[in-house]
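Each structure below appears as structure tokens.
Consider the two complexes below, in which subunit A is the common component and subunit B and subunit C are the respective partners.
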Partner chain A sequence: MDLDALLGCVTSSSCLVTQTTSGLIVGMLLFMVAAGLTLIFGVLKIVNFAHGTFYMLGAYIAYSAFMFTGSYVLGVLAGGLGMAIFGVIFERVLISRVYGANVLMQLLICYAVVLICDDLVKIVWGPDFYAMGMPPAFQVPPLFIAGGVVPPFYIMLIVVALAIGGALSLLLGLTRIGKIIRAAAHNPNMVSALGINTTLLYSLVFAVGGMLAGLAGGLAAPVRSLTPGMGFSILIESFIVTVIGGMGSIGGALIAAVVLGLIRSFGTIGFPLFTEGLMYIAMIIILVFKPSGLFGKEIV
Partner chain B sequence: MPDIHAAGWGRRTVLAATAALAMPRIARAAANPLKIGIPTILSGPIALLGTSSRGAIQPEIDRINAAGGLLGRQIQPIFRDSKGQPQEAARVARELINTDGCEILLDAEASSGAYAVQEVVRDLGVLCLHSNSETSSLTADPKLRVATAFRCARQGVHDAIVGGAHSAKVATAKKLSKWATCSPDYAFGRDTTAQFLEFLKHFKPDIEVVSQGWPKLGAPDFTEVITKILQAKPQALYSALYAGDLSAFVNQGNVYALFSAMQVFVPAMGDLPVLTAVKSLPAGIQSANRYLPTFPATADNAAWGAAYRKANDNAYPTNWSWENATAMRFIEAAVTKAGSTDGKKAAAALEGMTIDSPFSITGKVTMRAEDHTLIDYAIGWGTTVPKDPFVVDMEPGDWGQIAELEKEWKKTNGYI
Partner chain C sequence: MGRIFRDIAIGILAIAVLAAVPHLIPGKAFQDFVIRCSSMALFATSLNLLVGYTGLSSFGHGLFFGLGTYSFALLMQRTGISLPMAFIATLLINAVTAVAVGAICIRLRLIYFAFVTLAMQMLMHSIIISWVGLTGGDQGLQGGIPRRVVAGIDLGNQYNLYIFAAVVLVIGLLIMRHIVNTSFGTSLRMIRDNEARASFLGIVVWRVKLTVFVLSAVFASVGGIVMSLFVSGAYPELINWPISGDAIFAIVMGGVGSFLGPTVGTMILLLLNDVVTRQTEYYGLALGIIILAFALGLRRGLLDFITERLGGRPAGGIS
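For the complex of A and B:
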């Protein structure tokens, strides 16, 4: 524990700027993955343990598309679109058969998909790790704001993640399909009785959830290593985000992801040997005092 | 003299009869192959290390088999996936001997698995070569040592001595006294970093460590660790990160211009899969060799690297590749010398054995008798450049200095 260093950091503008932006970057990518996870749970009550696999496959598809086209934007879009399609197939072929089944059955199916996809990645891309490399437009020196270091690529990531989060909120809050999704989360039987095609609706939810994870994988690919099984670590952190934010709450996921990012960012200064532990302590505190999460009642 | 022609013994008949007599012998050799059990990591995030081990072992076995096999028997390797889990490595190793009938173990495991396999070998008494465990105590600690087990890999304390000497030299020339470290948060990362700092301070006592980061193994994001390092404003950074973690660290460090803000020392940077995976390799990182076709700069080494790529779909060899190729050559030499695969006899043959090797400055490597560990392999540090050959100006370590300081280190740790 180094509280002097932590105090020194929060009272220094350069450290404050650097660590805050660092926390936002970590938080925004987490939010993109966790938002899909919490959306699927909110509507379908499915805890998608294969969600990290969506992130991994999105990154690999984005990598291949980037190598083929040379365009980072097309790579990211390919990752998102690929995972939207994969999400629909996953929901139709497997998950639709276990709606209402016990969680263990859902867990087994998701875990099987995780293992199968990890092996498929090894067959298609090989066991080597890959790095996409920084797109040429972002191969520029970092900016210095109030003495703090802020890379332009990360500013772009934060802006894009916020834009996607905003678009998702608008979709759910203002559009007809968003209202139907929210209604289905509250009372799927009533939505079905009104003649709305819930089969299509559920597939759509998985498509959006998959797309968000795929976009996150594609966006992060320039700075992360692509390896089979890379989705596992982000899955755990995404679950912490959904538990803290409240299962099913998009707004809660955003707040929780940013909080976790900041905990990691400043925790590594003040509690270098216990940064991971701080995240779990935050989760335990929420589970003890507000088991539904910070925004648990605010179901999408 | 009987007339074989008169008896119907034509040339074809004689050849056929000779072939028929020889057949059982050939059939026996084929039916009684010499099985070598090879537990290694073939799945999970570091599966590349296992597949690159297999990629180096198989060509060696093909070469031996093409020349008639070992003791007249064709070698049959049996690879098993330990998944990188110690308990699985031990289970697989025992099964390879007891169920599959393997006579020798080539333990291509990471350190955690090697310690578990060592206890299986202690129990079963077969010849075993640990080809990847770099953790020094496996063979340095007499309490852990096993009579029929050997380490055929680079060793952590050797790396620390050479790394400490080289880094101190650079630090003195560039006046680097404030250091930071960033290494994976498990036994390997912590032990390696502590040993490096110990020897760095041995050669340059005025070192001050101003920041230490311990990211989790396989962490997707190093951003907060990188920014923490930047905040501490060190003059030099040491990192024991490796493979995919190192690639991610370099890519994420690049966006913060980390590598132009301080002198960076990374022993595992000189690994071809990492060097080729990082798209914008910063110039000027100080790195040790893992496997480089240019170090040692000999025709034999370059030819081995090229042959490996040809045999493995143009994939690059890793550190584990040369270690396993060397282990296979030691097995070949020891079993031939002993005339047996018996654990005790082959181990006696292997103790102190020296063989020709492309992975040595002198062209020879030795299995040291006193502690069953490999010495005289190519070990050195150089400087990265963004393009092939990626690491230049390699300075070889001094094996005389290594032996001397290793002895002191063993005394300090109560091993001798």
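For the complex of A and C:
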């Protein structure tokens, strides 16, 4: 524990800016993964324990597509699209067989997929760490805001993540398909009785969730090292985000993700060994006082 | 009463057979396997008291397994008390911890219960990793377990530890078996099947849930003690999340509806572990495919599947 360092950082504007931006990018990546997780849970009542794997595969696909085409934008899009397709296959082939089954059965199937994908990544890309490096367009000097160092890539990442979150809210809030998704979250049998193909809808929801995780993986690739198993820590953290924000609430996920990102970035200064512990404590406290999360419905 | 005597007779028979086997098969591999099995089977069966009998899906039961290894190893290293005293003290530490953790967790429903139990385990993991002075941090508690001679028997000896593990496993299973066959066990199943009805019939649901939570924590810590003696210390891996994953894996594979399901599942898991890691470096790939085959093919644990095939009563628990 190093409270002096933490106090020193909070009172110095350069450290404050640097830590806040690095906390925000962690938060934004978490938000994109958690938004897919919470969407899938909200509609299908399935906890997708393989969601971190979507993120990892998205990052690897984006890396390969970037190396092949030389375009970072195409790389990120390839990650998103690849995971949308993967999400549909995953839902159709495996998850659709355990709808309504005990959560442990779902956990076991997702666990199997995580194990398989981690090894497949080792076989295809090798067990070593990969570093994608900054895309050429962002190899420019960083900005200095109030003495703090802010790479332009961070700003782009925050803007893109917020734009995607905004687009998702508009999709759910204003479009016809969004209405159907929200209705299915509320009462799938009634939606089905009204003549809407819920099977197709479920695949679509998995595609959107997969795409979000894949995009997050692609966006994270330049600032994270790629390694088999990189999906696990983001899985745990995005679970904490969905649980704190309230399962099924996209807005809740955004707020919880930003809070968690900031806890992480400032926690590493004040409590270097106990940063993860802080996140678990935050989750336990919130659930004790509000068991459905900050923005969750009472009983899910 | 007949059932109890039959179970005890089977238990004594099992110990006798296990005691004889090393004289027929020389080598340490089998004994190692049984010791690890005994530790994990106690842990998995204790988790099944929650999952299979009460319908409480805990993802963080490894908290008590790991706390068992750490408290036992610390008591043996840092205090002068004897091994049996440390054994009992470890159970007490776990029971007290379980009352505190359980009081927070049991009022949460389904998936929230699962996540908060996992968060509790990971919180304890973080505390152990960061409290380097007491626990050795991520290096674990090294330095071995002293004072292993109990009543003239040296538990540092491999064969003695093997017999000890087998006896502890059999006694632990017998006690848990007895617990689920009492009226308390019936209350557990009633809460699992219909909590509201159980409550209307006068069962104080929270008290029963908290009791079974504490009991299962105590048995999990017994598994932890056996593991601590086996590895001569305590390590962060023994309280990290995959340890809970292993126990869930064991009970779902073995069968939540059969009392011995988790024990069978543990044997499957450890056998797979030993065989697959010897054959291929892609352990996850092989294990993942086997899990999928089990989960999607049988759709239930092995022992539940066999029981149903033999025309036994339909298995409860997971459906």
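The rule is short, and it goes like this: the second predicted complex is superposed on the first by the 297 of 300 C-alpha atoms of A that agree within 3 Å, B and C clash if a C-alpha of one lies under 4 Å from a C-alpha of the other, contacts with A are read in each partner's own complex, and residues count from 1 in each chain.
As a working rule, contacts are C-beta pairs under 8 Å (C-beta built on N, C-alpha and C of every residue); 3 or more make two chains touch, one makes a residue touch a chain.
Everything numeric in this text was worked out from a predicted model, so none of it was measured.
By the touch criterion defined above, A:99 lies against neither subunit B nor subunit C after alignment on the C-alpha atoms of chain A. Of the two partner chains placed by superposition, only subunit B is touched by A:22; subunit C is not.
Contact with subunit B, but none with subunit C, is seen for A:133 once the two complexes are overlaid on the shared chain.
Residue contacts after overlaying the shared chain place A:122 against subunit B and subunit C alike. Of the two partner chains placed by superposition, subunit B and subunit C are both touched by A:276.
By the touch criterion defined above, A:151 reaches subunit B but does not reach subunit C. By the touch criterion defined above, A:225 lies against subunit B but remains apart from subunit C after alignment on the C-alpha atoms of chain A. In the superposition on chain A, A:264 makes contact with subunit B only, not with subunit C.
When both complexes are overlaid on chain A, the residue A:247 reaches subunit C alone and has no touch with subunit B.
For the contact definition in use here, the residues of subunit A common to its subunit B contact set and its subunit C contact set are 118-119, 122, 273, 276. If you check the complex, the residues on subunit B that touch subunit A are 43-45, 47-48, 50-51, 212-214, 216, 218-221, 223-228, 230-231, 243-245, 247-248, 251-252, 254-257, 273, 277-280, 315.
Across the interface of their complex, subunit C is touched by residues 47, 94, 97-98, 101-105, 107-109, 111-116, 118-120, 122-123, 236, 239-240, 243, 247, 271, 273-274, 276-277, 280-281, 283-284, 287-288, 291-292, 299-300 of subunit A.
Subunit A makes touch with subunit B in their complex at residues 9, 14-15, 18-19, 22-23, 25-26, 29, 118-119, 122, 126-134, 138-139, 141-142, 149, 151, 153-154, 220, 222-230, 233-234, 264-265, 267-269, 272-273, 275-276. Listed in rising order, the residues of subunit C touching subunit A in the complex are 51, 57, 59, 104, 107-112, 114-116, 119-120, 122-123, 126-127, 129-130, 132, 137, 241, 245, 248-249, 251-252, 256, 282-285, 287-289, 291-292, 295-296, 299, 317-319.
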